[in-house]
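Chain naming follows the written order as A, B, C and D, and within any one chain the residues start at number 1.
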Amino acid sequence: MDTTTREPVHAGPAAELLDLYQQLLVIRRTEKAAHDLFLAGLVKGTTHLAAGQEAVAVGAAAALRPDDYVFATYRGHHHAIARGATPEECLAELMSKATGVCKAKGGSMHLTKASHNMLGSYAIVGAHLPMAAGAAWSAQLRGSGQVAVAFFGDGATNIGAFHEALNLAAVWKLPVIFVCENNLYMEYTPIASVTAVKDPAAGRAPAYGIPAEIIDGNDVLTVWDAMRAAVERARNGNGPTVIEARTYRHYGHSRTDPGKYRPEAEVREWMARDPLTVARAHLRRLGLSDAAVEQAEAAAERIVAEAIDAAKQAPEADPAEAFTDVWADGGAAWRS
Amino acid sequence: MDTTTREPVHAGPAAELLDLYQQLLVIRRTEKAAHDLFLAGLVKGTTHLAAGQEAVAVGAAAALRPDDYVFATYRGHHHAIARGATPEECLAELMSKATGVCKAKGGSMHLTKASHNMLGSYAIVGAHLPMAAGAAWSAQLRGSGQVAVAFFGDGATNIGAFHEALNLAAVWKLPVIFVCENNLYMEYTPIASVTAVKDPAAGRAPAYGIPAEIIDGNDVLTVWDAMRAAVERARNGNGPTVIEARTYRHYGHSRTDPGKYRPEAEVREWMARDPLTVARAHLRRLGLSDAAVEQAEAAAERIVAEAIDAAKQAPEADPAEAFTDVWADGGAAWRS
Amino acid sequence: MAELTGTITYREAVAEGIAREMRRDSSVVCLGEDIGAAGGVFKTTVGLFEEFGPRRVWDTPISEQAIVGAAMGAAMTGMRPVAEIMFSDFLACCWDYLANEIPKVRYMTGGQVTVPLVVRTANGGGLGFGAQHSQATENWAFTVPGLKIAAPATPSDVIGLMASAIRSEDPVVFFEHKGLFASKGPAAPADHVIPLGEAAIVRPGRDVTVVALASTVPVSRAAAEVLAPEGIAVEVVDLRCLVPLDMRTVLESVAKTSRLLIVEENPYQGGWGGTVASIVADEGFEFLDAPIRRVAAACVPLPFADRLEDEVIPTVDKVADAVRRLAVF
Amino acid sequence: MAELTGTITYREAVAEGIAREMRRDSSVVCLGEDIGAAGGVFKTTVGLFEEFGPRRVWDTPISEQAIVGAAMGAAMTGMRPVAEIMFSDFLACCWDYLANEIPKVRYMTGGQVTVPLVVRTANGGGLGFGAQHSQATENWAFTVPGLKIAAPATPSDVIGLMASAIRSEDPVVFFEHKGLFASKGPAAPADHVIPLGEAAIVRPGRDVTVVALASTVPVSRAAAEVLAPEGIAVEVVDLRCLVPLDMRTVLESVAKTSRLLIVEENPYQGGWGGTVASIVADEGFEFLDAPIRRVAAACVPLPFADRLEDEVIPTVDKVADAVRRLAVF
């Protein structure tokens, strides 16, 4: 199988890494806040938290241009924030506030920051892969040099849209990167129990002549490197890449799922490889002072604390908003 | 790629081969009749003729048990006849006669002979692959030892249902055989121009851990052998197989399409490898007398000539039939 | 396992209804995502895997087309599959099977095959799940001749209709309403079977007929409670099925009340109530003393925030107001 | 290339309508199966590949989800894709995009994105293509808030509505009727644009209002011709679009005639006519002197044989009979 496995790199500029580390922390604390606010009844509906998978979002975003396109799933808080959505507007969205990033019309599963070309979080498994291919096709047609990235879970590799998107992307040599966040589980069922090959994404890439890579998704530098290479291929007109990032979620699948279907030893092993721990090790290796690291931690804590307060203070969504934004003219009239 | 290429075998009992040869002829003449009747305005709607692809149907059927399941496409006349539908009931169907195999409710695209477990011809590309997996699942659950076969075109390998069916079949180790009739074209567009890998079916099989074989679909003995091996694997509980049979259609895609998009040299080359010619060569090699061969040819000619007459004589479909067979009780009432 | 008795939830009724049929017919098998050991995302298959094991209850990949397509192939070959599509919004991912394959194969083969399967799915809104996990899609299925459609409102109807659906020789789409899972009611007696296509008058009244389905049944009943003290006697008809559609019961009720309100959770445009209204405006025209009205979801996607969602879907207030206006017409 | 003038076919009008927009806006790109060098299976894209080349006209694999999903992604990022789904039955193969993604993404992002695309598809029956290639599926799209829906009946309406559809900032499903491809009419003048949501009274009359769409427009006009000598003056309203739905024109006509017949090719159950009927039975109740009637397809799959298909879909005779019964009511 045309699949390489990348060793965690041990280079990388310290200052940038510190910045990435702070982003990891901001996302982690935002996810913790979302979890607590859900338990407190301040977040309705459902949440799918990405705590444990932050390095995929932060490492990937580091390799992208501001105008590149990102498409994510219902488990997408980390991607929204890594691409510029603020913790405040995300938490406000979850709390049904007027200041929510989607005006409280989307909710946790649909965080979107179009002004930063983070073009949405989609809750139908696999549906956004063709969209990402389409955004890449658009970039190709416009000669803009942009690339598109679709982040998706291991479970998405068994749905038809995955197959159609990868084939089209390969045939049209589209500048798109398919990043699978393989966290070993779908909702409550292990991906291995329903997938014909060991590596659900990378193991399929050869069927489309697409180069693939399996990487440590908990190492932000590894993700950054792998994405840099894939983005370069795409921008140079060499077509799509599949990246399968091995990672793990710290919470259950959604809402209050305790994730009891996961063996304790497995959970322990992965918790030990928490992306924050891995990043901190890199920082130490790069000789960053404890003071600098603590400063980043304090900053992240402050940012999220302020976000929680602001979101709590924000006004409830206006019921009249239910009847706007269906059409481009802002309205919802279906009769003339 | 886990794909073997099978040399045309040069063994095979002469008597059986003569019988297969006669079946090839019956199908060829039936397709010719369908074509002529369409031009004469006696066949309405559309036809998708399988002339040139007969060896796939006849060779495969020879390897099956009477109770095995077959699912075909809108280009399915050859499969219906190879599995026991009579030329008469097929032509009657095309001619909108009450005696049609589907009572003139299905037409050319939906020939079905359920009494022989030929469970239908489906006109939505790829849709029947999951059905075949389901029939195989049913056989597995009932411990019946039956296998299911899905015949489909090269173009079907790029649609989502193909991906989902092959993965499920592999994960559940289903006794199903996926036979791709690769005739190089979809409707008017070459499969190579829209497919990321050279072998649209066999090139995908490894993505599901399914063994695959590319064979000469114009050699009825080769098809028979390859199917025998695949059927044995399936019956022994070793799961699915992909067979990609290279073949070519003698007519255009459908109706009156002259197929002008196909290079003359390509057409000439394939016409020289007409499955009838290939089979005749085998017969000669096996020392069958010209008399015996001519007898088979005469028999086939008679069978189809009688079928055409009978179909022409048959009564038109009864308009009242429009309101039967929606429900199992025979009726169509949607209100109570 | 013993049959459930006493008061049970709608959620429990789903698993109970399936279990009862699995006990009496070994050809009934279940497949779907996370329905096995996990007991289903909505806990509507709890206990089935434990009682019937992995040969009867199958966890699938996230492959809606393979799930429903395989169910179809199995149904054509001697099994009675019960396929779960987790949320009814996802029917769109296997729509070809529901629109073009399952409902047509019997007809287009001239009656050569039957497709005795059930596609179960969690339908509807009110839980703040947003635009892609909250739709009431029973009207999608209603556009397709050849599908039978059940949408129960109570635990005992879930059990009685599940029995008919699984025993049916015809394909049935079975809509389980997410908003009703926690609701309670008496368990059904042993061998409780409700024929498909029989509406129920769940509250008699002489003034206004309110036709409801699934989630809108409790909403309509609550509205009727509100209106009773005002002297407005509402007759609530629970259709229970869309196909077969029991228009006889609806027309008889309208013949009595001369006033009709239809309460649907699906959007007004293309909602099933349009067809019901058009039949009454034709066959029941002379009964009518007032316009036919529909309280349906607004023609917008479902918003996430509760307060916005309440603006869009039917509520007790909206139904009560509409009935009041009809009563005085 | 010069604009087509004189008398043209509906089929030619499709390519002409697209070509006119491709000339004025370089962000318009076409994709679909066999639409390029082959000119489309129905020859509705003939000439586009030759005029605009492979960067504007793209042949795709048989991947309906990728076709429409990619069109969506491109529409969100500055292009105006025109995607062809060869037969409208196959919309079922990419239904998730039409039902859950394209119509909802703007709303669920709070208006952050727009999706200016057109999904063109060959719709309807009457050609003996059988159950899976003959359906009138405009009612499927009508169940989904957030889609605009056009279904022209004449060559010049094809051109005028195509212009509006491609220029629309909102997603439009454009139904081209297979049975009308060979029909002829005057080509549209340069820059002919028909706003979405404007019905046309294609034949005035005082006795009975007949509301039609696409294929049922010529059927209804023919029926009107038959009835004129009998002294029945039929007013034929061509809706032209289902969303926006021009009920003003319909209600004004019924206010005049007091009698309404709706003629649809989609099945009666779940057909768009149900919604039209329900609106008239509500807002136009006082205008009515007779029941509202619908001539729609029977609730069965489409049979192959002509004589059977005629039993199922609307015909001039069925429409004329229905109008006669209404006229004397």
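Quick notes on this one:
What we mean here is this: a contact is a pair of C-beta atoms (placed from the backbone, for glycine too) under 8 Å apart; a residue touches a chain by one contact, two chains touch by 3 or more.
Being a predicted model, the structure only gives us computed values, none of them experimental.
Between A-D and B-D, more contacting C-beta pairs join the chains of A-D.
Greatest Cα centroid separation from chain D: this falls to A. With centres defined as mean CA coordinates, chain D is found 30 Å away from chain C.
Our note on geometry: chain A versus chain D, Cα centroid distance of 40 Å, whole angstroms. Put simply, the C-alpha centre of chain A and that of chain C have 36 angstrom between them. With touch defined as above, residues shared between interfaces to two or more other chains in chain A number as follows: 102, 104-106, 110, 122, 124, 158-161, 164, 167, 171, 193-195, 321, 326, 332, 334. Looking at chain C, residues 60-61, 63-65, 89-90, 92-93, 96, 100, 107-108, 130-132, 145-146, 243, 245, 269, 298-301, 303-304 sit in touch with two or more other chains. For chain B in complex with chain A, the residues that touch the partner chain are 1, 158-164, 166-167, 170-171, 193-197, 203-204, 206-210. Those residues of chain D lying in contact with chain C across their complex are 89-90, 92-93, 95-96, 98-100, 103-104, 107-108, 130-132, 137, 139-140, 142-146, 243, 245, 262, 266-278, 280-283, 285, 288, 290-294, 298-301, 303-304. The part of chain D that touches chain A in the complex is made up of residues 29, 55, 58, 60-61, 63-66, 68-79, 81, 96-97, 100-101, 105-114, 116, 145-146, 168-170, 197-198, 243-248.
Chain A meets chain D in the complex at residues 69, 71, 100-106, 110, 112-115, 119-120, 122, 124, 127-139, 141-142, 148, 160-161, 164-165, 167-168, 171-172, 321, 324-330, 332-336. Per the touch definition, chain D reaches chain B in the complex via residues 33-34, 36-38, 41, 59-65, 89-90, 92-93, 127-133, 269, 298-301, 303-312.
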